[in-house]
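These notes open a run of structures that come right after.
You will see two complexes here that share subunit A, one where it goes with subunit B and one where it goes with subunit C.
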Partner chain A sequence: MTEISQPAAQATTRPARRPIKWSRVGDHAILIAGALLMVLPVFMIFATSSHDRIEVARTGLQFGFSDQLAVNYGKAMFEKGGFTDTVDGSLMLMNSMILGLGFAFGKIIISMMAAYAIVYFRLRFATLAFWIIFTTLLLPLEVRILPSYEAIQRLGMANTYSGLIIPLIASATGTFFFRQFFRSVPEELGEAARIDGAGPVKFFIDILVPLSRTMIAAIFIIMFVFGWNQYLWPTMITTEESMFTLVRGIKQITQGVVDSNDIPEYGQALALSIIAIIPPVLIVLFFQNWFVKGLTESDK
Partner chain B sequence: MATVTLNAVGKTYPNGFEAVKPTSFTITDGEFVVLVGPSGCGKSTLLRMVAGLEEITAGTLSIGDREVNDVDPADRDIAMVFQNYALYPHMTVRKNIGYGLKNRGTPASEIDAKVREAASMLNLSELLDRKPSQLSGGQRQRVAMGRAVVRDPALFLFDEPLSNLDAKLRNQMRIEIKALQRRLGVTSIYVTHDQVEAMTMADRIIVLNAGKIEQIGTPAEIYHNPASVFVASFMGAPPMNLIEARVEAGEVRMNGGTTIAQANGCQPGPVHLGIRPEDVELGGEGQTPFDIALVEELGAHRLLHGQLGGQPFTVHVAKEVDVAAGPTMVHLKPDALRLFDPDTGKAL
Partner chain C sequence: MKRAGFTNIWLPVSLLLPQLSIIAIFFYWPAGWAVQSSFYLQDPFGFGSTFVGLDNYTDLGRNSEYMRIAWFTVVYTTLVTLFSLGIALLLAVKADKVIRGARTYRTLLMWVYAVAPPVAGFMGIMFFDQRTGPITDLFGVFGWDYKLGVNYNDTAAAMVIAAVWKQIPVNFIFFLSGLQSIPRSVNEAAMIDNRSATGRFWQVTFPLLAPTTFFLLIINITYALFDTFGIIDTLLKGEPGNNPMTLVYKVYLDGFRGNDLGGSSAQSVILMVLVLMLTVFQFRLIERRIHYT
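Here is the complex of A and B:
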């Protein structure tokens, strides 16, 4: 916002130059320092990913660029690696994408339907059901990882995409957000739709889903990034390398070589890190307007 | 087009609160009936029961010759206009109006034709591709009307449709709605708490109080012959003057002892005397002392507020009548006097 409004403000007030507001300068200094703090490590990873492994092993993280950029990224993406030599970066990228998208869409669908049931239908114990869902926030995956693993294993879903996605799909946060949103939708809208001949399913699809689109976008971002960055669960449930996600793959590149007493492929690992960062960044950039809208205003 | 018959229809909530006491009346084909009463009197509940949005817990409701107690709102052949319009915010005006038809499986070309027709009837043709957020209050109101009209229902239901509009627009829309209803000849039930709307729009008014019908009648009947103190004080602005009086020796006397009128066939005892402010004449053959405290200038006429026999009283005079505060004499037109039982509030 400030970037857009400042030039305009300057243009109109050029004749009488405003005195410098030192408090504003201070604010910006803090913001810039914070931004650098966040961006600098990423930049260093990017710069280092252009060096060869020996250089990195000898002198550590780099600020400058070298000539190995294309080589490292090419190998990171397309060289078969790992223990079985079956998985390359592009496959892991696809796996991560499937996990992130499946996770985000699954969560949105499930939590919207749960919230719809809780808010719009006179269910027995609806409030109780809601609070039970809500208290599952107290039981994150890490707490229930053994029983979850056991269940998925017995269902024969280990090493499958559905095994990766489905156990994590129930979302108390999503259900909570959609519940709050649905409760703020005027009741008359539902009544008007009833008189207009829209049944529960039609009302949901024709009215509620379009009304929730900013909300859906906001939750999509959160959940996609969350799913993309999953590490523990994929590590548990997938043992075949063809199912590896990027986040796991980064470790695998260094791991495999450490075991054989060679210098790890640092450049490739860091290249893969950068690749792993890109999709979430793109999603956030693409959806950020909707994201802010979804969390702050409602279009009713 | 249909007659609507309520036979002892009542609503009791699960917690035991009786929102609408068993109520019976019939609305004839093409009639415009207004349900009026203060907030919480059950008028909206009654309307919502007719719409099918609220379950009927007693009695039977028929639209046409079909009993519809257990019929889904969508299948009752009704259309409803809500107080806050309840337009679908993400749909254009065109889709808003056509949504009900689409759900009924009407072919797209027919929907388009009907939407255009409804839009031109309501001066919405220019606005068909706008979203509700881009419309003014009056335009949204018209879209809500369009959504009702396009379905060509047997019965229109209006739930305080004008209360979100400013006063000027409200007057204009009042006329538009009434004219539209006349033209289409669709039976209509209109809920409002505004007695001016009730008086100006209704063929018949039903006055409700505390879940019970106080009176059913044409606007003129309701205004001139209120059935109870409640109706007398609720309908009309300013309301009917009500003063405490006594019937003694065949005459109505004020508490001070001044004789006001002959009381034909009334039992002696206390009564409430009602008279409309415009049925009081200043001066002339006036016998009753009236102490003017305040003159309210309204342009077309004046309202004189003061005391009559020690009780608040208002007189309506034409703008030509020049008066100042102070004591004067007034004449109460005998045939405009109404007497009410002080205990039950009913007309005598």
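Here is the complex of A and C:
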């Protein structure tokens, strides 16, 4: 019995050749084309950053690598440049880190505190406070740059890290996000904590914060990338070159590519662009699931 | 508010204080100041200002350059939104369908989210370079004598392409998560009723994606209006000249380079009203969105 049925079963489950499904091939072709569209430009920038500036000036972007990689990246990181010869890539990298981390931490701390107060306390003005905070979602910094700049000037906060970071925090995205999350936390948790004699501070630190770990991680990634990639605000608020971030510095570097009468420092400019995108890209790649969660849930 | 709310008074006040004071100083004060100074004409040398009522606004309406920029902003926003949504939707539908390599495709299609707009602009400069740019060469094959920074439409094309490229990942992520939240049973039922994959997409999947699409529409319009500043500034290389620009860039240009405070503030207020309208529209859609799900 088994001797007969086995070959028959094999014949049905394993035909000589599976016919190629052309629609599936088409799906993969489209996806590969899309992936190339995303990857290839950055790859070419990276490959070209290993070439000599004369070669780049003559033939443009390259597909292959050359031997100038270390030289170009060394120059980009450690050769002082700018008008005042005070800024190099490593300093800008540090400033970018300060902006990205400072913004992400500041935003999370301040918005968690505010959201906790709004959700967990019987306050007569809680609704009012919520609307005051919530209105900031309506106007992005870009539409009020000039007056914000004026405010920073009057407060003497131009060219400082706090002037760079704090105004960016003045938007309610984080507060709104944590408010939604806290509201989804079961009521019983707060009640149980109160019965056990936990005060509001203890409840927040020992129960609510550990409970929000995933949320904090997700929002941290979004905020770090957002802060790191800020351009308009740093461009206005930092005029001293020692305060430049990488993203802000790109303009100065590309200006050099455009203006100089000599052959521009292509290798250095390209290397700096790559350095500017590596940290946020790595974070997005490594914490992909948290990133997607943070993005799709914070924007709703 | 939670039922089991704490009844302390000073704790919540001090918890709210940091956020409220930051908002007061860096949001309400500047916004109010913008509205106020849009009614004044500032002396260019800083010797006081005169109340001019709505003059700054009517001047903008009569300014043909401003109207041209406004029109370009509309065209630019439409093109960026349509192309980045269209391409991302196509990729998301395919990525949702394939089984082999799905995760790799997802990663490859979304990491560009982390590339800063000015870097995308600088990449544009290299790719659209008049002599050596690969895309310029490509256009040359089709007989397009492409001149970035010289020809108005050519510069506009580079701006649109760079902005679309940068925005595809966000749209892709949202479309993919929207597609994945469609219940399997719905797809199976559709499979029985309609054999054509294209027909199934337009009759079942696309309507179910409508809430995501509406939401992304707003996100993309705001992106094209505001977040593309870095791309535009880098591509223009600080020399606007005869080149296209968006309304936000014009605010920056008039306020910082031209020292026209009143005019720039009036432009800011116009943008504020625009964003307010978009947001109100968005909330009405979100309310309606409940009926879909």
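The criterion applied here is as follows: the second predicted complex is superposed on the first by the 248 of 300 C-alpha atoms of A that agree within 3 Å, B and C clash if a C-alpha of one lies under 4 Å from a C-alpha of the other, contacts with A are read in each partner's own complex, and residues count from 1 in each chain.
Everything below uses one rule, namely that a residue touches a chain if its C-beta (ideal position, glycine included) is under 8 Å from a C-beta of that chain, and two chains touch if they have at least 3 such contacts.
As the structure is a prediction and not an experimental result, all values here were calculated from the model.
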Overlay on subunit A: subunit C relative to subunit B, clash or fit: fit
Comparing the two partners subunit B and subunit C, which touches a greater set of residues in subunit A: C
Subunit B versus subunit C as contact partner of A:Met236, first or second or both or neither: second
Contacts of A:Ile207 with subunit B and subunit C, given as first, second, both or neither: first
Touched partner set for A:Gln153, first subunit B, second subunit C, both or neither: neither
Touching partner for A:Ala198 - first (subunit B), second (subunit C), both, neither: first
Which superposed partner A:Thr136 touches (first subunit B, second subunit C, both, neither): second
Touched partner set for A:Thr173, first subunit B, second subunit C, both or neither: neither
Subunit B versus subunit C - smallest C-alpha distance in the overlay, whole Å: 6
Contact residues of subunit A, present in both the subunit B and the subunit C interface: 191, 194, 299-300
Interfacial residue positions of subunit C with respect to subunit A in the complex: 1-9, 11-13, 15-16, 18-20, 22-23, 25-27, 29-31, 33-34, 37, 87, 90-91, 94-95, 97-98, 101, 105-119, 121-123, 125-127, 129, 131-134, 165, 168-170, 173-174, 177, 197, 215, 219, 222, 225-227, 229-230, 233-234, 237-238, 248, 251-252, 255-256, 261, 264-265, 268, 271-272, 275-276, 279
Of subunit A, residues touching subunit C in the complex: 23-24, 27-28, 30-31, 34-35, 37-39, 41-42, 44-45, 48, 56-61, 110-111, 113-114, 116-123, 126, 129, 132-133, 136-140, 142-148, 150-151, 155, 166-167, 169-172, 175, 183, 187, 190-191, 194, 200-201, 225, 228-229, 231-232, 235-236, 247, 250-251, 254-255, 257-258, 269-270, 273, 276-277, 280-281, 283-285, 288, 292, 295-296, 299-300
Subunit A residues within the subunit B interface of the complex: 186, 188-189, 191-198, 202, 206-207, 210-211, 213, 299-300
Contact set on subunit B toward subunit A in their complex: 51-53, 72-74, 78-80, 82-84, 86-90, 99-100, 103-104, 133, 147
